[in-house]
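Scrolling down, you'll hit the structures one after another.
Two complexes, one shared chain (subunit A), two partners (subunit B, subunit C).
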Partner chain A sequence: MAQAQSAVATESLPYNDVIPGAVVGRDGEALIVNREKLLELARYLRDHEGYDYLSSVTGVDNLTHPKRQGVERFEVVYHLYSTKRGGGPLVLKARAPEDDPEIPSVVSIWPGADFQEREIWDLFGVRFPGHPNLRRILLWEGFNGHPMRKDWKEAYYEEEHKPYSSRWPYGHYPREEYKYPWQEERAVYKDNLVFPKGFDPDRWQAPEVEYRLGQDIYRELEKLKTDRIIVNIGPQHPSTHGVFRMVVALEGETILGLEPEVGYLHRNHEKIGERNTYLMNIPYTDRLDYINSMSNNLGYVLAVEKLMGKVEVPERAKYLRIIMAELTRVLNHMFAIGFLLNDLGAFFTPALYALEERELILDLFEAASGSRMMCNYMRPGGVAYDVSEEWVAQAKKLVFERLPRAVDELDYYLTENEILLARTKGVGYLSPEDAIAYSTSGPVLRGSGVPYDIRKVEPYCIYDRFDFDIVTEDGGDVYARYMVRIREARESLKILRQALKDLPGGPVIGKKKYTFRIPPGEAYQRIEAPKGELGFYLVSDGTANPYRYHVRSPSFINLTALGPMCVGHKVADSVGILGSIDIVLGEVDR
Partner chain B sequence: MDVLKPQIGDWWHALLQGAGLSSGWIVFLDALVITLILLGLGLTSVLFAVWLERKLAARVQDRLGPNRVGPYGLVQTVADALKLLTKEDITPDNAERLSYNLAPGLAVFAVLMLLLVIPFGPGLIGADINVGVLYLVAMGSVGIMAILMAGWSSNNKYALLGGFRAVAQLLSYEIPMILAMSVPVLFAGTMSMEKLVEQQAHGRWFGVVMPAAFFLYFLAALAENERTPFDLLEADSEIVAGYHIEYSGMKFAWFFLAFFLNTLILSAIATTLFLGGWRGPFVEQVPALGIFYFLAKSFVLVFAFMWIRATFPRLRIDQMMAFAWKVMVPTGLVLVLVAAVFVKLPVAPLVRDVLLFLVNVFILLVVAGLVGRHLRLQIKRLSEGAAVVS
Partner chain C sequence: MADEYLEVPPELSRNVFLTTLDTVYNWSRRSSLWPMMFGLACCAIEMIAVAASRYDLARFGMEVMRPSPRQADVMIVSGTVTKKMVPQIVRLYNQMPQPRYVVAMGACATGGGPFKEGYNVVSGVDKFIPVDVYIPGCPPTPEALLYGMMRLQEKIKRQSVKTVPWYRKERDDIPVPVLGPDILDLRRKEEIKKISAQLADSEKYLERLETKTTQKA
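And now, the complex of A and B:
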């Protein structure tokens, strides 16, 4: 009887007529996929259903989720989109039991899964057979365990959720010397220095970097008798935009292969996020992409709102959100252009010109939120503070007069410069197909001529009310990305002009709430952050803390394409290409 | 000691003779004093040039620049030099100690030796040797060796890359530079720096008569001095600091000194060869004015160097090499040929100068046009073409 029922249920599930037994059930919106058939289904979805864009791959540990007792422990969640059709996601889930945490790698179908699967292996300990380079990415080889597993406890672990009872005023402590219970004597794991079995730190050597060789270049160089040298660009290097390492194999000055190494700034943002309550997470999102904290706030808040179900946002708050997000975009793009020029060898001049305008925008942010960079401005259900009339007047002055001129100025001085053209045209080429396959987003994707802007294809907030265009450039090179940024800054100013003109009055937030009880469920919300697609994946188990909190960070995933883009160019170009991706390490390493 | 002759020079010689010194000693002491003056001029100019560079870059970038130490921050450089003195001197493991320690000294030595033949004022020259220009070229190449030594011996891959680039860039750009320098030499018929200045009397500057040669020299000097857009040797955004990445403290300061001295001396050479050296109004009456004119002209060029540095991004190594070999060397050869033809032309000097000027402008325009056209075509090809792997 039960068998018959499940057979009927399987019949009614999609894609089973094509690949029998691929989809075994539903979980809300998501389709639960038999992991044996995952690759087959994935290939079908990409080739025949148009799901060519793998936005996010992430893991969930179901160990302590009250609603998921009895299901297999690990699940890997895929969010697929179509760049041709636009619209919402197709969510796939593949599950694996605790004793056999293996799920086939989809890198062969969507190369953009490369870093994300490595991250899941690193943080959850789920293996991906078929992955070309499955080693830890954010943590080092000597790290004991996989920290995102629910049964993994950090050193000096106290409790599962914040606020920790010990930190409350008059918290309970048995004796005076235990007043601060996070002190070492009371720590669960006294020794912070635990290595995995069979790991000897003295004998440890950095793993050999596998680099991809461009075949035709290699053959050409084979004729010469030369030595290959491996150069580490970074982690301390002026042009890596933070602590980031590129392992570059060089033949003379030509790059044979490049492998990005990240994780120097890793703080396990997601684990912290799971300890926090929903509201406590907002300031933490500021620290992701610290150039654009407003966008991060917005993305996270939208994800929480999506999870909460119906949330009324006052009209004025809707406009303010747009204004802040778009100001951030202008700021980020000018910043990125300035520092791209720096990477190309300009002596700080364009960067400082860009920074000057950025400072003015940051003044606005400070006036609105109290902080220049760590804004902590958005809240579920609105924004934290209202802005004054003077603020609006100042913003109007900036948006209508000063910023357009500043963008024009950058454009005027830089765009036609011969050295800039010579250094950026044809450098770091990424074809539209590759751009989609590598899951790049933002200016990198649109610089390759793919008209994919989440504000248009899956509108959030009130972007559908404004008149603006998706900016694309066909070049696919550093120059195209540069041009996309210039033109996008103009489009943002266009949105800003409309939004500031129409800014209505009224409250900016409904009832202020400090704790949220959110019904069990899950939500994936992505926004078009200045650097690309910023996604937040939240799983709620009905408590005040997120059960799973994942950030799909654009900088991190755009880096997947860095290696292939650099191969065959000169070492000087790798820096420029990196600059054109525009990464922020706070977001890459999380 | 012509510059001091009317007043101090006579007094000085009378003093020495009064002390009962033989003429050999007087010549020796003369040379010693002049050397000290030259060194002092050179080194204090460096202090000023560093300050100028920082202040200028700051102005270009809408900043104030150094303004704390001394009036307008003028003493900032001294403070920085003192700071560098107190810093730890680090020698990396496995460095080739001999070359590593020798390189900074050699770099400064090579540049200081160049000071010898530069006429700072009428008669104010260390040694007016009859192959002055040749001496400049030969001594200038020693500096390249210092850079190569530093890059190779540091046991650092960035330094090694910087060293590679030094060989490639400095040697390539030396050729157009020598070609450009040989144009006024051909024209004046002498290699002596003093005589070259003499030939440019009455405002007939070789830089005005032959602007193309001057421009060529200026570009090559930019590259020789590792300044943007040709600063690939140190390219701070790519190979961090290039050949001197491992140097710290005073050894780094020596490289820094060599770098700025080199800027000054390349400008000084340009002034001597193309801008009439110390010549200017009333120099015959007041020879001391010559020093002022010379420094003023040199610093105008230094200003241009710095201005370009604060403005332009950097070229890539292959583009830079292509520019040297495909544009600058042929142009230099053409210019030498033109000068050789015109110097024998049986016409009045004024007519010859005007003709030469016109031909030079024509060559400049043609080269600029050709380069521009090539660039546009290449960019067009790149924007049309798909995957470009250079």
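And now, the complex of A and C:
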């Protein structure tokens, strides 16, 4: 009887007529997929339903979620979009029980899942059979446990959720029973350390790490008699934009394979975020992509607002959000161009031109929010502070006069420059199909000629009120990405001019709130950050703290395409190609 | 009294300049401190801003950022020190020639900062390498970094060639930590071994630290 009922129920679910038994239920918007049928369904969705863009893959540990007791412990969530149709996502969920945490890998269908599945393996310990290179990505091989599991506790663990009772309500002052105010004193090893039971340092042996490029290419090269060499670039290297490492297999100067090695700045953003309250996370988002803190704020507060349901945002705040986000975009693109030229060998001079304008924009940010870089400016329901008349006048002066000239100046000095052309044209080619398959976003995707800009295809905030174009370039090379950035900075200035002209008066936030009770549910909100699609995935269990907090960071996923783009080029070009992706390590490693 | 002083011939009196060896030694060292071009996180962006035109580190003779540790005098640890990165930082420190200085820039490098509780974050770079100047802030403003560098210059000014450690035979290199199940500081090896043996069967340990596989009801 029960079986008959469920059979009726599953037949009414979508896609079950094509692949019987693929979808087994619904969870809000999401479809729950039978993991045995996942690959079949995925292939069907990509080939026949147009879901060619796998935006985000992430894991959830259901262990302590009050509403999910009794369901399988691990859950992998896929957000699919269509680049042709635009519009909202199709959300799939595949579940796996605790004693058999395995879900088939979708890398063969959407190669963009590569790093994200490795991240889930690293942090949750869910295995992906069929993944070509399943090893840890953010932590190192040999690390003790899978830290994002709900029952994994860090050395400085105090309680599940903040504010901790040792600091509340007396602020930083320790309560009587806490004799030791410092976390170090309380921790077992007197430091931020967790070792397995009975660990003996003398007997420790580090596991072997096998790089994928090593495997494939060595096999190829056995037949030839050539000199091959594996070179490590980074993590301390002037052109890797921070602590980033590339393992490059070379034959002479030519790159045979390249594998990025990240995690040197893995600051446990998500684990800390799940202990924090919703409001406490805003300053942490500043430190993701630390060049564009304003747009990180925006993405996060939009995600929280989506979870909260209907939130009224005052008109003036809506405009201020757009103004800040677009100023950031101008800043970021100029910065990126400056540092791309740095990588190509024009050491520091173009960057100085960019930094000069950056200082002026940062002055505006400082006047509005109180801090140059870490603005912490947006709030659910508005923005934190209003701006003054003088601020608007200053911003107008910058946007109407100075910045357009600065962008033109960069364009004038650089675009036709022979050396720049020689170093960038035809280098690092990425075809439009590959760009979509690798889930790249932002200038990398549009530099390959795919007109996909979230501000247009799935408008958020009030972008539908402004007149601007999606910038695309057909080249697919470093030069095209450079041109996209120049032209996009101009489009941003166009939006800024309209927004500053129409900026209405009034309040900037409703009643200020310090805690939010958010109804149980989940939300995925993505915005077009300067570097690409920045998504926040939040799961709420009805308390003041997010149950799951995940950041889909554009830099991290754009890096998936770095290896394929570099193959066949000279080793010096890999640095330029990396510069054209424009990564920020705070966001890559989180 | 007068003949106790050196007789200076009149033609030299405008050309010869008497001072102590320490003054010259320290003056020359502190006026050309070359930082290592080494950025870890968000604070590195402010370090770049200091090197750029508005704040202009070149005024202090520090504009020559060296990508190689072999040519650098001062290491500005600008950002969060993670466990995965700390072996490299220690190695870079060991590769710097003496005299070498370390500036911990920002809350993270000083004591872990906002990310202190994170499982991959080192609570301050001074757990591994000695630090000369700490600069608070998240990120410190460029002015704060400049002030910190000026304090470092003051520190150098007070050193004396007779007592500085780098003319002695022994080197004070730091053993490079090992990435085990967690970061393993080789100087604390015995202590860690003792604690884990002690805790192996204690209740507290099981409750707090084991990655237990909780069975669900």
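Note that in this section the second predicted complex is superposed on the first by the 536 of 590 C-alpha atoms of A that agree within 3 Å, B and C clash if a C-alpha of one lies under 4 Å from a C-alpha of the other, contacts with A are read in each partner's own complex, and residues count from 1 in each chain.
The rule is short, and it goes like this: contacts are C-beta pairs under 8 Å (C-beta built on N, C-alpha and C of every residue); 3 or more make two chains touch, one makes a residue touch a chain.
Just so it is clear, the model here is predicted, and its values are computed rather than measured.
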First, second, both or neither for A:Pro283, with subunit B first and subunit C second: second
First (subunit B), second (subunit C), both or neither touched by A:Phe195: second
Partner chain in contact with A:Lys153 - subunit B first, subunit C second, else both or neither: second
Most subunit A residues touched (candidates subunit B, subunit C): C
Subunit B versus subunit C as contact partner of A:Ile229, first or second or both or neither: first
First (subunit B), second (subunit C), both or neither touched by A:Tyr377: neither
Subunit B versus subunit C as contact partner of A:Ile272, first or second or both or neither: second
Touched partner set for A:His237, first subunit B, second subunit C, both or neither: both
Partner chain in contact with A:Ser431 - subunit B first, subunit C second, else both or neither: first
First (subunit B), second (subunit C), both or neither touched by A:Leu352: both
Overlapping contact positions on subunit A, where the subunit C interface meets the subunit B interface: 237-238, 348, 352, 356
Complex interface listing, subunit C residues touching subunit A: 37-42, 44-46, 48-49, 51-54, 67, 79-80, 82, 84-85, 88, 92, 112, 114-123, 127, 138-139, 141, 178-184, 186, 189, 192-193, 195-197, 199-200, 204-206, 208-214, 216-217
Subunit B-touching residues of subunit A, taken from the complex the two chains share: 214, 216-217, 229, 231-232, 237-239, 252-253, 341-349, 352-353, 356, 417-423, 425-427, 429, 431, 475-477, 567-573, 575
Subunit A-facing residues of subunit B, complex: 57, 60-63, 157-158, 160-161, 164, 228-229, 231-232, 235-240, 309-319, 372, 375, 378-379, 382-383, 385-390
In the complex with subunit C, residue positions of subunit A that touch it: 63, 69-70, 73, 98, 138-140, 142-147, 149, 151-157, 183-184, 188-189, 191-202, 204, 206, 235-238, 242-243, 263-269, 271-272, 275, 283-284, 287, 290-291, 348, 351-352, 355-356, 358-359, 372-374, 585-586
